[in-house]
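As structure tokens, here come the structures.
Here come two complexes built around chain A, the first alongside chain B, the second alongside chain C.
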Partner chain A sequence: MMNFYMAYQPIIDFFLIAVGLGYSQQIALKAGVFSIATAGFAAIGAYTSAILVTRYGIHPMISVFAAAAMGILASWILSLPLARLRGAFQAIATLAFVQVVIALLLYFSGFTGGALGIINIPRVVNTGWLLLAVGVTMYVVWSLNRSKVGRVFGALREDDSVAASLGIPIQGYYTLAFILSGVIGAVFGGMRSLYVFNIEPVDFGFAAMVASLTVVVLGGRNTLLGPIAGALIMAILPEIARPLAENRGILNGVILILVITFLPNGVGDELVYWLRRRFRRPSAATLGRTVTKGGANVSAH
Partner chain B sequence: MLLQQILNGTVSGAVYALFALGFTLIFGVQKLLNLAHGAIFMAGAFIAYYATINGLPFWFAVVLAVIATGLVSIVTDFVAFRQLRKQGHAEFAAIVTSLGVDLILMNIAQQVSRTQVLSFPFGTFPVEFYRGFGMRISLLQIVILVLVVILVAALYWYIHRTSFGRQIRAVSSNETTSALLGVSSQSVYLQTFFIAGALAGLAGVLIGLQFNSIHFMMGEPFLLQAFVVVVIGGLGSLMGAVLAALFIGIVQSLTIAYLSSELSIAIIFTLLFVTLLFFPNGFFGKADTFARGSRR
Partner chain C sequence: MSLRIEGAAKHFGGLKAVDGINMEIPFGQITGLIGPNGAGKSTVVNMISGVYALTHGRVTLDGTDISHETVDQVNRRGIARTFQNIRLLPEATVLDNVMIGLFRKDRTSLAASLLGLPSAMSETRRLREEAWELLGRFGIQQYADLEAGGLAYGHQRRVEIARAIASQPRIVMLDEPVAGMNEVESGEMASIFRELAQSGTGLLLIEHNVAFVAKLCDRVYVLDSGRLIAEGDPETVTRDPKVIEAYIGGHA
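Showing the complex of A and B:
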């Protein structure tokens, strides 16, 4: 076990970061928000942490909390226009948000280091801290799923007009989904910056956006297992497909197309649904949600 | 100086219009975002480049690129959208599958070009400048403007004055009803994807000529630009896309000239945000389009 850990430690750590960012992406999609802003939140968190630690010598632990606060602020501001939009328009607007964040990081180069980014960030985050952060995030997401909020998110995703007609303040819940996505994204962005020594704006561009979206699409958009399964595939795939390294884009593209076409719920979600169908335990019902897409009808209340 | 910048902005805006027209056409008909559009644009420049350096005459290379990108676009439809149309709720899924096609095309281009920045051989297109009213305009810029005006007029004519165009508009307003009335939505999809891809491919060639650089990531900024254009113009509105493209082109060249290029990006995307906030249907979209309300 220890040997395995030693050999694959970087992969495990990046896997954990990917899981965290995956939850940030998932929680937005769970509420039916087509946000792809996770990369932007991660950038904000990463730069907050990195600047506080390197420039002002603030304790890394506190800097991560500051990153979380910035994530809440940014996502709240972002939610003001976005909670009023739907569907593809949200996707476009969040895409624009990420571009604005990157452009500003490049422009205020005196403060952010411009295209060179910030170097010499102390590495204080290790697997333990990442595990802790993922654990806390999972607990939050899990308890959300079991609470009224989770059920409201499900209702919003399935049909927001029905949700509104049931007296649910949908703007408020969309805002909440954004803020949760923002704070998780910023925390893991901050932890990433305290792990990788240096950050630059390119780290949070289109590729990062695609990466966190991929994790959730592959894994699944509803269950707790989703981002873990997705991140696991994305972590293992490059190892298995080493000879294909040059063609990783093709591989990723083909997998995205195949999964969304034939397993639209994602590998992790399909697995959970299958297990629930197989064993029909009441624990499925305590999630208190009826899942309709893809024929996986779990309504054992 | 100011007039010169406005002229330059108009020319780049004209190319954005070619790109954005295809994008908005697909959205208008299918209500889906085609994220592979940027890669198809890039493919146009690549095909024209490789045809030219392999000794084909330039005009032929351009025609080849336009037809080939039209076909690539049709293949994109087959691979990424066709299956989803059958299943329903495709909006999110289409973003992902077209992203998949985008990744595949970019990877192929990266392999083919060995990640290098390519440029058309000198003299592919005659370099000539004309002066007047204190401005300078190149032959290429004139050709671009004329070409775009002709193509936009032709597309407008095709959509609004021919039977094919009527079918496209019928499918875009209601697919089921038009199918009941005997319109083959399959042929409409083929047409729209071919037109969209061909326009993007031509835009790719023109941009490759104008900036003299072709690389596998060149489509990405244009795709992002196209989002701004179609949102401001109103998703699905052709005239809106053209006017918004010209507007964005001018704003961009002015901000780059007088401020900085990073700030220009920030300003343009802030513009997108403000538009979404106050005019979510854009300035030319129909009042009942799909920005708000139900996601079905």
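Showing the complex of A and C:
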């Protein structure tokens, strides 16, 4: 076990970062928000942490909390115009947001280091911290899945005008989805910058955006297992495809097409659904009741 | 103590879908709204529930003007509705569909929901329990764990009505609630509607089935081409020559 960890430690760490960014992406989709702004939030978090630590000598731990605060602020501002959009329009607008963030990082080169980015960031984040962050994120996602926010997100995803007709303030919950996505994205962006020594704008460009979207498409957009399964495939694939050398991208593409075609809910979600079908506890049993129909008591299964 | 519609009109460009109508939907009574296809019945529901902005006139609940409120605000005032073309959350289970109808009674705070506090989990259990009871009242407990979208038409209607009344609204607008049901099923629905009215809820029943409306309603309004052509108790209204003409067509 220890040997395995030593041999694959960088892969494990990047896997954990990918899982975190996957949850940022997933939580937006869970509420029916077609935001692909995660890479932009990650950039904001990463630069916040990196600038505070390298330039102002702030404690790295505090810099991650500052990154989280910036993530909340940025996603809240972004939600003001974008929570009103739907579907493809929202996707295109968030895509533009990511491009704007990168343009700003390049433009304010005195502050952000421009195209060269920020170098000499201390590496203080390790597997333990990443595990902690992933654990906390999973706990929050797990909790909301099982309570009010999860119920509302589900309703928004399936039909937001029905949700409104049931008294749900839909703009408020769309904003909440943006903010949750933003804070998770910024925290993992910040931690990433405290792991990789140096960051530059291109790290958070189109490729990063596609990467976190791929994690959710491969893994699943609903269940807690989704981003883990997706990130795992993304982490293992390059190792398996090593003999293909520069043609590795082909395997990525083929796997993605196969999953979308045959497991449209994603590998993780499909697995969880299968297990649920297998070991389902009917509501009646959960509630300790018998089913009543037409006055007669019919026992549940 | 009622929902009132005063001089309400909705024009779509040159089309006067609803053209200046006055209605009153009192609490504790069943009010019918009938009329031929395209008369504007569903438009009235959409005007009250805030989907359409009124071109003229206003809607008041207990004297408070609610004409300019959004769909969710109107619902939180205690005005619920169902849709003519059933709109469930198709991939959610039947139980979850009714649970989301309990949103207004959900006392979970945001922090409790995100941090998984015991209060959030016990609230989830309480609402599930309540949704389950409601399914029993509609005789659909055995479908609780099925995807709502896969149910038979009549059962989907029941789920939608259960969801609409889950939060005990003061007014419920039912858009063709027994369409696609047989006599026995519509009879079961009728007794649920009577119980609701007896418990103080005001019902607006929009129907094609004149017999069903006549049997159930305290007062009936008849809409044709966006105008009210008759109103009163069911016997008088269904014998009104103008109503018969609107339904059968042609000039008498």
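Keep in mind that, in the parts below, the second predicted complex is superposed on the first by the 279 of 301 C-alpha atoms of A that agree within 3 Å, B and C clash if a C-alpha of one lies under 4 Å from a C-alpha of the other, contacts with A are read in each partner's own complex, and residues count from 1 in each chain.
As a working rule, a contact is a pair of C-beta atoms (placed from the backbone, for glycine too) under 8 Å apart; a residue touches a chain by one contact, two chains touch by 3 or more.
Just so we're clear, the structure is a prediction, and the values are computed from it rather than from any experiment.
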Mind working out whether A:Ala88 is in touch with chain B, chain C, both or neither, as first, second, both or neither?
first
Touching partner for A:Leu144 - first (chain B), second (chain C), both, neither:
second
Is A:Gly32 touching anything from chain B or chain C once the two structures are fitted on A? First, second, both or neither.
first
Per the contact definition in the header, classify A:Ser161: touching chain B only (first), chain C only (second), both, or neither.
both
Pick one for A:Arg280: touches chain B only (first), chain C only (second), both, or neither.
second
Could you tell me if A:Pro10 is touching chain B, chain C, both of them or neither one (first, second, both, neither)?
neither
Should A:Val100 be classified as contacting the first partner (chain B), the second (chain C), both, or neither?
first
Applying the touch criterion given at the start, work out whether A:Pro122 contacts chain B, chain C, both or neither, answering first, second, both or neither.
neither
Of all the chain A residues, which ones make contact with chain B and with chain C?
159, 161, 293
Residues of chain B touching chain A in their complex?
27, 31-33, 79-80, 83-84, 87, 89, 91-93, 95-97, 99-104, 106-108, 110-111, 220, 224, 227-228, 231, 235, 260, 262-263, 265-266, 269-270, 272-273, 276-277, 280, 290-295
Show me the residue ranges of chain A that touch chain C in the complex, using the header's touch definition.
139-140, 142-144, 146-152, 154-155, 158-159, 161-170, 176, 280, 282-284, 286-287, 289, 291-294, 298, 300
Per the touch rule above, chain A residues touching chain B in the complex are 29, 32, 34, 80-81, 84-89, 91-93, 95-97, 99-100, 102-104, 106-107, 159-161, 206, 210, 213, 217, 246-250, 252-257, 260-261, 264, 293
Residues of chain C touching chain A in the complex
49, 51, 70-72, 75-76, 80-81, 83, 87-93, 95-96, 99-101, 103-104, 106, 108, 110, 112-116, 120-121, 123-124, 128-129, 132, 136, 139, 141-142, 144-145, 163, 167
